[in-house]
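To start, the structure under review is shown below, and the notes come after it.
As written, the chains take the letters A, B, C, D, E, F, G, H, I, J, K and L, and residue 1 is the first residue of each chain.
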Amino acid sequence: MSVVTSTLPGAARKTTGDALQGALVDLLDLSLVAKQTHWNVIGPRFRSVHLQLDEVVATARTHADTVAERAAAIGVSPDGRAATVAKTSGIDTVTDNWVKDTEVVEILVAALGSVITRMRQRIEATEHPDPVSQDILIGITADLEKFHWMFQAESA
Amino acid sequence: MSVVTSTLPGAARKTTGDALQGALVDLLDLSLVAKQTHWNVIGPRFRSVHLQLDEVVATARTHADTVAERAAAIGVSPDGRAATVAKTSGIDTVTDNWVKDTEVVEILVAALGSVITRMRQRIEATEHPDPVSQDILIGITADLEKFHWMFQAESA
Amino acid sequence: MSVVTSTLPGAARKTTGDALQGALVDLLDLSLVAKQTHWNVIGPRFRSVHLQLDEVVATARTHADTVAERAAAIGVSPDGRAATVAKTSGIDTVTDNWVKDTEVVEILVAALGSVITRMRQRIEATEHPDPVSQDILIGITADLEKFHWMFQAESA
Amino acid sequence: MSVVTSTLPGAARKTTGDALQGALVDLLDLSLVAKQTHWNVIGPRFRSVHLQLDEVVATARTHADTVAERAAAIGVSPDGRAATVAKTSGIDTVTDNWVKDTEVVEILVAALGSVITRMRQRIEATEHPDPVSQDILIGITADLEKFHWMFQAESA
Amino acid sequence: MSVVTSTLPGAARKTTGDALQGALVDLLDLSLVAKQTHWNVIGPRFRSVHLQLDEVVATARTHADTVAERAAAIGVSPDGRAATVAKTSGIDTVTDNWVKDTEVVEILVAALGSVITRMRQRIEATEHPDPVSQDILIGITADLEKFHWMFQAESA
Amino acid sequence: MSVVTSTLPGAARKTTGDALQGALVDLLDLSLVAKQTHWNVIGPRFRSVHLQLDEVVATARTHADTVAERAAAIGVSPDGRAATVAKTSGIDTVTDNWVKDTEVVEILVAALGSVITRMRQRIEATEHPDPVSQDILIGITADLEKFHWMFQAESA
Amino acid sequence: MSVVTSTLPGAARKTTGDALQGALVDLLDLSLVAKQTHWNVIGPRFRSVHLQLDEVVATARTHADTVAERAAAIGVSPDGRAATVAKTSGIDTVTDNWVKDTEVVEILVAALGSVITRMRQRIEATEHPDPVSQDILIGITADLEKFHWMFQAESA
Amino acid sequence: MSVVTSTLPGAARKTTGDALQGALVDLLDLSLVAKQTHWNVIGPRFRSVHLQLDEVVATARTHADTVAERAAAIGVSPDGRAATVAKTSGIDTVTDNWVKDTEVVEILVAALGSVITRMRQRIEATEHPDPVSQDILIGITADLEKFHWMFQAESA
Amino acid sequence: MSVVTSTLPGAARKTTGDALQGALVDLLDLSLVAKQTHWNVIGPRFRSVHLQLDEVVATARTHADTVAERAAAIGVSPDGRAATVAKTSGIDTVTDNWVKDTEVVEILVAALGSVITRMRQRIEATEHPDPVSQDILIGITADLEKFHWMFQAESA
Amino acid sequence: MSVVTSTLPGAARKTTGDALQGALVDLLDLSLVAKQTHWNVIGPRFRSVHLQLDEVVATARTHADTVAERAAAIGVSPDGRAATVAKTSGIDTVTDNWVKDTEVVEILVAALGSVITRMRQRIEATEHPDPVSQDILIGITADLEKFHWMFQAESA
Amino acid sequence: MSVVTSTLPGAARKTTGDALQGALVDLLDLSLVAKQTHWNVIGPRFRSVHLQLDEVVATARTHADTVAERAAAIGVSPDGRAATVAKTSGIDTVTDNWVKDTEVVEILVAALGSVITRMRQRIEATEHPDPVSQDILIGITADLEKFHWMFQAESA
Amino acid sequence: MSVVTSTLPGAARKTTGDALQGALVDLLDLSLVAKQTHWNVIGPRFRSVHLQLDEVVATARTHADTVAERAAAIGVSPDGRAATVAKTSGIDTVTDNWVKDTEVVEILVAALGSVITRMRQRIEATEHPDPVSQDILIGITADLEKFHWMFQAESA
């Protein structure tokens, strides 16, 4: 039973809810990983990378909020607790301690790459059950792919 | 004969124009209904609901303008006159006089619910004739479903 | 019995409430008429008139809110529903479809003219029962007469 | 003898000065009472009432400044000292200690009610001696009556 | 014959138009006198008086625009040309050359005093023919009397 | 070989890259044509058209940047050099020298019309290879069609 | 029994609560005294002192709110009613009527001086029971001592 | 004898002072003429010309202030009184009463033309005595010539 | 070995670093818990609590950044990864799924209460090794105790 | 024959018009070259150079608009069409495809260098015919030389 | 050898570089002198002079930055170190300790006077070698001469 | 004898005054050193370091003002003249001429390091005589240590 009803039929709600829950966890972890490297980056490009990572954080936080509230809007309770993020995120665990700037850039390319792959699967999965959620996932993917290009350009 | 020509062929323009005209009337009525309850709500949650309704008004007004101008952009004259709204809106007539806050929340859940159902039909109807108009209707529906969740959460 | 009491005695409240309810309907209809012509105007002055009409809309909406909340403040429930506007507005029905810019200017001169006449009667009617409401109606009339001059100057 | 002369003749200045001095004290006390309850309110509506009271404070402070400077403008020295407020305010003393939200709303309805009654008398008293001061008192009363409605609507 | 018609009957329009035209000239001259002394003031209070005069200029310019547009709104063409101001202003000619700060303050007290006297007559004259114009003149007078107090307080 | 890799397979990247490169050139040329006419327009509607053209410039520049960065995001180097624009733009060459306002409006209707036709083909072409790029092209087309309506309305 | 519990043990709460209640009354009275002289100051430095006093008012009001809410945060109900201020303030009663600018400066030096002495005692008293409240009182004292210097510098 | 000394020798100060005084009067009259036509313009281009004239007013007022303060800065007391403007302005007297929009545009072309001619003479006259004042006059002329082009383009 | 050296000797750095790392984890978890309940709250106070929780989120995020960067500033690498937060936070795990508003308020009172207790221990621990870090922890505790009061007041 | 007349005699207008037209083309091409490299830069300094280039774009666009409108102001129709830019720009064609950050910096040093050389010739050429246009070219050159220094400093 | 090359030939660069270096030192010292007196001024005009001096500081700092970056732009390394300022400034050493307001005004008149004399020499010296740098020095001198007038007017 | 009295006894004032005077000189020199390197830095990290140094300048200027005004507030005249800074600063003299970016980073690490050491001594010295001044010095040290970390991270 759902507290919040929705105009989506049950199966569509299940598929869409799973896609949104997955996106939520990935985006929350992306925001934590970007903050972790924002604080621990060292090397000559420190300042540039430090600032760039805070833009990733801001984007990831905004989109995490959007997908969580979208889940609620279709009657699915979102789960963004620390343990859930730690267990189900699609991003590889990052190392603790100081990290060289060149390595940070590679970490971000990899993290964004794996989230983008999963987001593209979610775009496909939601096309028929819910074009409204799909449109939100498309917009988020555009932002992630822009960061993906920028970090790649930096390591070229 | 149309004063403003468009790159849409006749049938596509007809289907899309109908969808946009329908959305216009629903959104204008939603803005009037939300204002009506904004002024007449009473009860312990007065201030919270009063403020929330003005957010519905602002959203409905902005989207009404968007769909009316989109209709013009595809060569269809929009009709947002009071009598047209009174006659063709998909929202049930609301009672006059003061209304209890709990009842206002239910009125909004119902009004948003019926507009959303019609918007989802319009999203389907415009997919092939005009993906540009469809994209606008998708964005509007996302906003309406967000309000729909919030008023439901409040009456839970 | 009134939910919201007021420091105005019954007769004063009745007279003032009627004036404010009349003003509310006129202002809501003015906002709808100005939006309708904002969307449907055509002709060489399109852009200038299109922008000018949105200033009328903004002014009419703000003042409609003010008179509705003033009615509530004296214990009278305001009625701004679509059907009430359609039935009791003092503005003549405008034509649907595209309208030439010169004609739009005339429509506005006429609409503003008839609302102003009724507002001046309301200013007189409220002077003794409630100078506070009268002061609000005076301020609104000043704004309407300013638009009235501008549209007349344009058609000179 | 007055340091600041004015275009008002002596009797008019006396009547108007008394009205403004009375309004000053009432508004300063209203700002103190609203702050006192802003800090001490408890209960499920805490946040809503807490925020609403700060709007009353802001309005009361702005208007207190206006009437005090208006008194100076007509050559009458205003008196807004703590002891003067404590002795001559028209608002009943409020209790110290935490207060339930429902009780706070009643306190505000009562406080605003008694200030409004006195303001309406001042509007009458100043009509002939000084329409400029009267206009200021009318504007203040409109704001107070708006708050009066809102707190009443909340306790309905 | 008037290009811009108005809801005011002929005599009312004549009386009100004269009041507004008089106010226009006084306010334009006040703005020029305040600028003249803003540039030519000398003495230990230079900076304080220099800044204060620019507030008078800003207020006078805003109100001049308001009364001129109000005249147009009632169908009366306003006249704010340099020669008209030079010939019909109610303010005494100020001296050219540098002026001591104490003298500047006296000049402003006198200039404001004579404009206020005329404004109070215009408030009386317009009460019956046009309460809308009267309300505008009342608001302007409140501002002028506030400056009048401040310059008097400075010369006390 | 591409410096920036992407999650799009080769063929999808080629199709999408071509669509984005075409859109880039059209939008850059639109911004140059709108500026050219912004500077050279003459006639009674000069000011209105002059301002309107700067809105086209701002929109075209913003969208040019978006599609160029989108191309980079999918691993395709964008080309927006003057010679490329001059050679491959879909907009007809505009005349040099002063241009009458009525003619400017026709130039814009034609320029927007031809860009829109090509954008609609790009929307179709990118639907399957890359819904993310398609969504960007849909949003741009909505803006261009809005301008298209407005310039048509002006020449009606 | 306290409605709001706190992590401070009873004795620490009592000492800290007394310090904060004392600060609250002093700051509220300072805001009233500064407003009283803001309205009643006369003399050549009128404008400068008038503006400076409003900065004292703004600072005193902000800090009064901070200490009152800090008291609530440690479970102590704050008391800022007019009678409490009149009875327990540490500032000497100021005279009514117009006051010369030189005298106003002396009044402020004295008022600030006596509040500062009491604030320094409160800083000492709260060091061990509650370093969080102490830190707030330290910040307030810095602001008060800055004003104290400025008014002294003016009377040098 | 001059109250304000300057680093310019006497002859240079005289030449420069004359140029600045002339510029001051022309700019003040330009601001009055532009306001006069701002209020009295009629015809289909009313709104566009009405708004454009207020930009002329704002520019003329800002530059008038700049040249007056520049005169003071080189030790020359500026004279911007109504009678001085009426007597020594280089702009032809404009007619009173309503004026057609086409005529207003011609009035502005002529007024700007004659001020520009005089400004160019002042640029030449001040080159050697004071390049600092010359630079100010050059900047003002650039603005005036921009308006001159725009009003000409409108009457083409 | 530390990449970033600091003016703190080793033991002081160790104690302070532990306090800051503990604060970092608590604040990050507080931000996640507040977001989780922000999305899942239901009941009549939904809107009020939903908004209030976002203020907690913003505060917790800002302070988390401050303590992490403070750790770096004293040469200690901060660790804010999801797994670290999940494992070492001082806040009890919150339930998944929708939560009633009354229960949410209790969850926040408890979460804030346990973080405050630990923060007070950190304030004591850092007093001697590093008054700079202590001052930061004091400021954070003030904010947390303010929220603690507000949520308690709401459940009173 | 010129549509827009000017106070410059024919020869002066020709010389000045040529200088401004040359500046227009150089600045438009500079804006296109800077955008091209903004999109295609790769390498460790990607982000820094990417952002810096957008400042060049903004400056070049603003100045291009200024010189084009200055040409119009002296009665010369400006030509900023793509083909004109491609043919007559003083900047060497840049390569297509991705470009290393070090190379981008060299491209900008060279492009700015050649534009500056031509701008200095234009400053000389316009000194006598039109000091107003010269002043504009001087200001633009200051901005270009500042960027020239910065890119040189980066490659040092 | 210079790290940053410039389009200025060697002699022109030397002359212009000397002028800019001299201006840099004078402006930095002016900012320090103005701050010194901003902190140490006493007397009845304390507040007015204190605020005015901060405007001098802001202007001097902005212009110091401009001339230093202009020196770099022409390939000359600027020197703004404390010892260089102390040794080569054109401003007389100011006294330490508190200073009376009247004396502060005289100090500023003298300091500005001597900087202006040197700036006028720099304007002459740079006219032929570099009109771009000259234009910057002209603009700075205008600002300094405006302050010079104001402080003189205050001591009149 | 002191012009400005204070609530601090003589010895406490002496100790605190010395600490504040020392801090003032260090912060002023830090602002000059950061500006000097802001202008003279060269190398691939030019832009990043150039911008970062301006943040140091802004912070150092703000804090210099704070400590100077704090000295005044406790009755001690601050001395921030160029010669005093040159003679008593704790920062080593920096080289003139262009400086490589890597060297600039080292200069800043060293300069900040030596200022921080002295600030920590001042924090200790002021704890008992004046906790209000100590709190200000603590806040400044937090900012300096943050910059210290960042420049160290950059050279790692």
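Things worth noting here:
Simple rule for what comes next: a contact is a pair of C-beta atoms (placed from the backbone, for glycine too) under 8 Å apart; a residue touches a chain by one contact, two chains touch by 3 or more.
This structure is a prediction, so every number in the text was calculated from the model and none was measured.
Of all chains in the assembly, those touching subunit D and also subunit G are E, I. Between the Cα centres of subunit D and subunit L there is a gap of 49 Å.
One inter-chain figure worth recording: subunit G and subunit K are separated by 42 Å, centre to centre, where each centre is the mean of the chain's CA atoms. Taking the mean of the C-alpha atoms as each chain's centre, subunit B and subunit L sit 59 Å apart.
Chain contacts: subunit A has residues 3-4, 42, 45, 48, 69, 72, 98, 135, 153, 156 touching two or more partner chains. Contacting chain pairs in the structure are A-B, A-F, A-I, A-J, A-L, B-C, B-D, B-F, B-I, C-D, C-E, C-F, C-H, D-E, D-G, D-I, E-G, E-H, E-K, F-H, F-J, G-I, G-K, G-L, H-J, H-K, I-L, J-K, J-L, K-L. For subunit J in complex with subunit H, the residues that touch the partner chain are 3-7, 69-70, 72-75, 131-132, 135-136.
Within the complex formed with subunit G, the residues of subunit K that make contact are 41-48, 50, 98, 100. Taken together, the subunit K residues at the contact with subunit E in this complex read 45, 48-49, 52, 102, 150, 153-156. Contact residues on subunit D toward subunit C in their complex (touch as defined above): 113, 116-117, 120, 123, 135, 138-139, 141-142, 145-146, 148-149, 152-153, 156. Only residues 3-4, 28-29, 32-33, 35-36, 39-40, 42, 61, 64-65, 68-69, 71-72, 77-86, 89, 93-94, 96-98 of subunit C touch subunit B when the two sit together in their complex.
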